[in-house]
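Chain naming follows the written order as A, B, C and D, and within any one chain the residues start at number 1.
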Amino acid sequence: MKKIILLLLVIMIMLPVFIFSAKVVVRVPQDPDFLDPHKAAASGTEEMMFNVFEGLLKADSNGNVVPAVAERYSVSPDGLVYTFKLRKGIKFHNGALVTVDDIIYSLDRLRGVNNEKPLSSTFSSFIKDVKATDKETVVVSMKELNTSFITNFTVAIIPKNNTDPNKNPIGTGPFKFKEYLPGQRVVIQKFNDYWKKGVPMIDEVEFRIITDDQAALLALLSGEIDMSPRIDVLQLDLLSDNFQVIKSEQNMVQLLALNHQNKYFSDVRVRQAINYAVDKDEIINAVALGYGTKLGSNMSPVMKKYYREGLEDYYQTNVTKAKELLRQAGYPNGFRTTITVPSNYKFHVDTAQVIVEQLKKIGIIAEIEQVEWGVWLERVYANRKYESTIIGLTGKLSAYDILKRYVSDFSRNFYNYSNPMYDEIIRKAVKETDDAKATELYKQAQDILTKDAVAVYIMDPNFINAMKKEIGGYTVYPLYIQDMSVIYIAK
Amino acid sequence: MNEKLFEIKDLSISFRKKEEQFFAVKSVDFDIHKGEIVGLVGESGCGKTLTGLSIIGLTPSDAIISGQINFKGMNLLSKNKEERRSTRGKNISMIFQEPMTSLNPLMKVGDQIRETLLINMRMDKFQAKQKVYEIMKSVGFADVYSLYKKYPHELSGGMRQRVVICIAIACNPDLIIADEPTTALDVTVQAQILDLLKKINQQTTSSILFISHDFGVIKEMCSQVIVMYAGHIVEKSCIGRIFSNPLHPYTQALLKCIPAPEKKGNPLFSIKGKVPSIYDNSEGCPFFNRCSFALEKCRKELPKLREYEPEHLTRCFYTEEKNGKTDS
Amino acid sequence: MYFYLKKGFSMLITIIAVTVITFVSFQIIPGDPVLSRLGVDADQAQIDALKEELNLNKPLATRYFIWLKGVFTGDMGQSFRYSVPVSDLILNRISVTFILALISLLLIIFIGVPLGIISARYNNRIPGLFISFISQIGMAVPSFWTGILLMFLFGIVLKWFAVSGYVSWSENPLLCIKSLTLPAVSIAIPNIATVIRYMKNMVLDEMKKEYVKTAYSKGLSTSQVLSKHILKNAIIPVITILGMISATILGGSIIIEQVFSLPGIGRLLINAITTRDLPLVQGIIVYISVMIVIINFIIDIFYTIIDPRIRFN
Amino acid sequence: MKKTNITIGAVILIFLLAMMTVSIFYTPYPVTQMNIKERFSPPSLKHFFGTDNFGRDILSRVMSGSQTAFFVGALAVFIGLVFGVLIGALSGYIGGIFDEITMRIMDAMLAFPGILFALMFVAIFGVGIKNTITAIGIMSIPSFARVTRSSYLQHKEFEYVKSAKAKGASPLRIIFFHILPNVTSPIIVSSTLGFARAVLSEAGLSYLGLGVQPPYPSWGRMLNESQVFISIAPWYAIAPGIFITLLVLGFNFLGDGLQDLESLK
């Protein structure tokens, strides 16, 4: 008799393990900066929390914005008033229904009302006011026209009564927050009352924080993790066949940025000479093993609508022409310069090593200076104290957000590029309500960047995601995010 | 004389240095009888300690030992390591000169005594402990129970030597080799230790090989005396005769060195020169260059050990001539 | 007792000195903690909000004293990078480094000491020479290289051990030890070599001592003399170098955690330095120094247990 | 036994020194020359130690890596030696409060894991060969200071010092002209062992990516880079490891040999 009871007990204990709880473990390279969506800025955080928070609108895999918390929306002819209809029956993770007050609270929190500090300067400078006309409609009026502002409505809507949005984040997304162990993992669970039915198809997602690429590979090989996005391309041939690899452009622009205030790089001929000297195909083969799309300007082909074709071969590699240009610019036997590179991005460090070899051919002796990420952000990105650098700019939904970086008065124009003509085109584009005209203006902007050789636009390094064979449904976004709601585990 | 316990025959101990052999002890013979206290005397470096160590089998590993050490008829030198080890502690034990360092500083003194019993006797820990208390009382310790738990550094030199003695007599061995047991102690304690040793010898049947450089101590303790010089036995005799009629010049010189009340006031006699080192292999009598009666003969030849009186032998040409024993 | 106070006090001064130096130096070095947290797309408003939150705008001196006051009340302030109390971060990571250090310390003692004795006993004979030769190599091999080779051999080729990842003690103690064996071995090897050499020399010294003769005269065999008498006396000087070794173990574990990507204090510190997370760096320094003081304290206690002479003076 | 240590040590070091000097003028392939087609080719006659992930010849990189190892080791030991001996001599000779304070600092530095100190130093003053050398140099000061102090304490009591004092020599003269020449042997021994430690620390720092930066080749960094490809190119990880061990072994043997000699004197 006793034995039977014992047996029963054992089975009871073992049971939960057998109920198949579909769980996927995804590797992420670093910790989230904030769980509070309005304070978070790091792309690494958006990559995870895209599954937890939703804005009035939401990005889809083609880079457009689609309704989410809002069921539908309309824009006034003069583009100054946005009206959003609240989706009926949509709930927060804590079960409470989403109300218009929550929407107003979220948007006001960002633009900073009644002398509270704003959390987003774009919101505070563009939005005049936000009010609810009735229980289901919210109207947002703008101070001035900005055709690309619509993409900002993807910002998260959070409940008004949440005392600590950073400690326990609550949103309306397909997954709800479960736990965060600093330096180790972020775990999110399926939200059963998600407004879009049939989604998500898995019960739990663990974002395991593994900073070291090599450790991530080993964890993948040993089966401890199921998916490793942005795997180091050189590790691909280490994967056996029970893994699948998904490759595609990721709307990232890797470029060799030249500081236009530097005495050499202020001369367009020097910049063009460098463009002729840098052999982008060799870099793509050496560093990305061919998994990269050559670029000509600061736009990736993923942005189909805005991408200007044919610019990638504007500067066919030509050493003699490059030397000729250098001679004209007054540096017949080249000069010395440094390439400052963030040490934690091996991809950019390797690219720098290849470029150093290529520049040697035209007499330019470039020295690599590796600096920590924090130092790069401060010295190069914020204070612009550098000669040349290599960085990858993550993709954005709107062409304006991508191209506004070169406008002379833009706070983060670390190239120190100022071209009134360029500024004029961008300003007109953002005011242009006719979509076709706006697209044409953005294309002209790309032409200027290429002809003026503002920088050396190398490639859109392919986004490579290695995962176990049985994981299905993965969709690539032109954004730095992992949409886990479409993932399922095939048996 | 009761039964002969030890018979040392032609014992030689040598060391090899760069293919040459150097003798520290040269063909030594003597006997130790049951219950007897034999004195082995000579200046330091004459091989007396080495002789003692060879009996108990603790000579340094590179020493080459020849000759016989017969203990109850069995030659210890022919025994293997294991058998030799079984005699140590049970049949032969040793007391060393330096009480300060001859006890393990990290072990209670009681335990160090008990260890001998546990190794050699079939006793469990408790029985052994009681025996240790007994032994400690027998050597004159008062509060043995608290003393048992004390560590060596908590005791005085004299008390530590008493502990070493307890260790030596624990299995009441046939022979206790005492290598200058009192040299490191001050005079008052010295006397107590000597009385203790005498008491032990009388109460138990253990005989003692008493090694010392001090004739005064030897006089008090021993019944037989052997004088060694540079590895040789130069004179052997019972206690009485050696003091009344010392034959060998070296023995005479040693006796003069003993400070005595009547010699008060005049300078102490000391022998000129120093003991020859083990590495000088010159033939002839080793005492030659320090001997005031040295003859030409002494330079080349080594005199033989001859008996001049019952149980009184010496090795000296001058004595031979003086007593007309000049057979070839 | 006075002896410990003096030692503890001097360690305290050094800790404070080190933290002052770090505090000041963190001001002058390049790299801004706020930027390194928020990244490239940070909005100026968010930067200002975070600066405010981390009260970076207060003058240097006040920030240091707030921190120092915090240390004594156990609140080490919030990490710039994780906005989580520094002590929580450290406490859940310190178990890895501590267990790792403990295992390697045990390995060092239980392999180093016996081998040291054996190499002393068979000095200048085959086993002795062999052990000293191996220990000579052991000292020369960089610990992270051993780590890589062990990981390759046992992890990838033979698949006996998990290649990376750490199972916490609370989840499953056995698996935890298993996941730390290879790292612990790679840290231990150079230190085992040192212990062997020290132990050998100490045993040889003790063998010349008088009390060994007394022991032999009692009829003890060589192995009995070694284990009952010489071991305890020879181990005392070895214990003192264990104090020094524990510092190298902590140092070694910083690199080994990188090789095996273990979530220990070492990696936390490296990340903290690269992201200019000042409170976290300070916190870790204090914890490591406290750990060292504790280890030295334990060693002193060990000392008094083994050597009664010290107990009395 | 005494002589063998020195000979083994000397032989290894001479071999490595020779390799190092050769590598200054000639390496089988230019150190930075990439050749993607020959990526990860195993050791062969063409590439004695095989090639790395950029197809660069590992033997040439290891050979030029020896320059960094020797260079960093020598300078670091030099810094440690100069300051260590100075501090050790002064505190040994003067004693008193000065001695008490410096020794407290030295003990604290010794108790603190060396790598941790170097890490902090490099983080504060930036990575690169200059700072790596200074960091490791400072780390080796305590061991020199200790050795010098103990020999000064000993020699202070000797006759020749008393007679020098009698001649009215100033303390500085005594320290440097009288005592120093007599205490060189323990210092030499600790500098050989110091060199070994310096090489190991440089390799450690470079492994963490904080030591010597490209274009200077470094064995530690090669090890770090090789670890990723260990399953497809294990030889990449083996070559630099062997050379670090060899160099450290050479110095350890030399150090032990000198120590035996010195204890004989």
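General remarks:
The criterion applied here is as follows: contacts are C-beta pairs under 8 Å (C-beta built on N, C-alpha and C of every residue); 3 or more make two chains touch, one makes a residue touch a chain.
None of these values were measured; they are calculated from a predicted model.
Between subunit B and subunit C, the least number of touching-chain steps is 1. When chain centres are set by their Cα atoms, the one at the greatest distance from subunit A is B. Put simply, the chain closest to the centre of the protein, by Cα centroids, is C. Looking at A-C and A-D side by side, the one with more C-beta contacts is A-C. Between subunit A and subunit C, the centres computed from C-alpha atoms are 40 Å apart. In this assembly, the C-alpha centroid of subunit A lies 45 Å from the C-alpha centroid of subunit D. The geometric centre of subunit A is 94 Å away from that of subunit B, both derived from CA atoms. Between the Cα centres of subunit B and subunit D there is a gap of 56 Å. Multi-chain contact residues of subunit B (touching two or more other chains) are absent.
Shown for subunit A are the residues that touch two or more other chains, namely 214, 221, 371. Among all residues of subunit C, those that touch two or more other chains are 30, 258, 274.
By the definition given earlier, chain contacts exist for A-C, A-D, B-C, C-D.
If you check the complex, the residues on subunit A that touch subunit C are 31, 33-34, 39, 41-44, 112, 117-122, 124, 166, 181-184, 210-212, 214-215, 218-219, 221-222, 224, 344, 371-375, 377-379, 381-382, 391, 393-394, 411-412. Interface residues of subunit A, counted against subunit D in their complex, comprise 213-214, 217, 221, 232, 234-235, 237-238, 285-286, 343, 349-350, 353-354, 356-357, 367-371.
Taken together, the subunit D residues at the contact with subunit C in this complex read 1, 104-105, 107-108, 110-116, 119-120, 123-126, 196, 200, 203-204, 207-208, 210, 220, 223, 226-227, 230-231, 234, 237-238, 240-241, 244-246, 248-249, 252-253, 256. Interface residues of subunit C, counted against subunit D in their complex, comprise 10-11, 13-14, 18, 22, 25-26, 28-30, 124, 136-137, 139-142, 144-145, 148-149, 151-152, 156, 243-244, 247-248, 250-252, 254-255, 258-259, 269-270, 273-274, 281, 285, 288-289, 292, 296. Residues 32, 34, 36, 53-54, 126-127, 209, 213-215, 227-229, 231-232 of subunit D touch subunit A in their complex.
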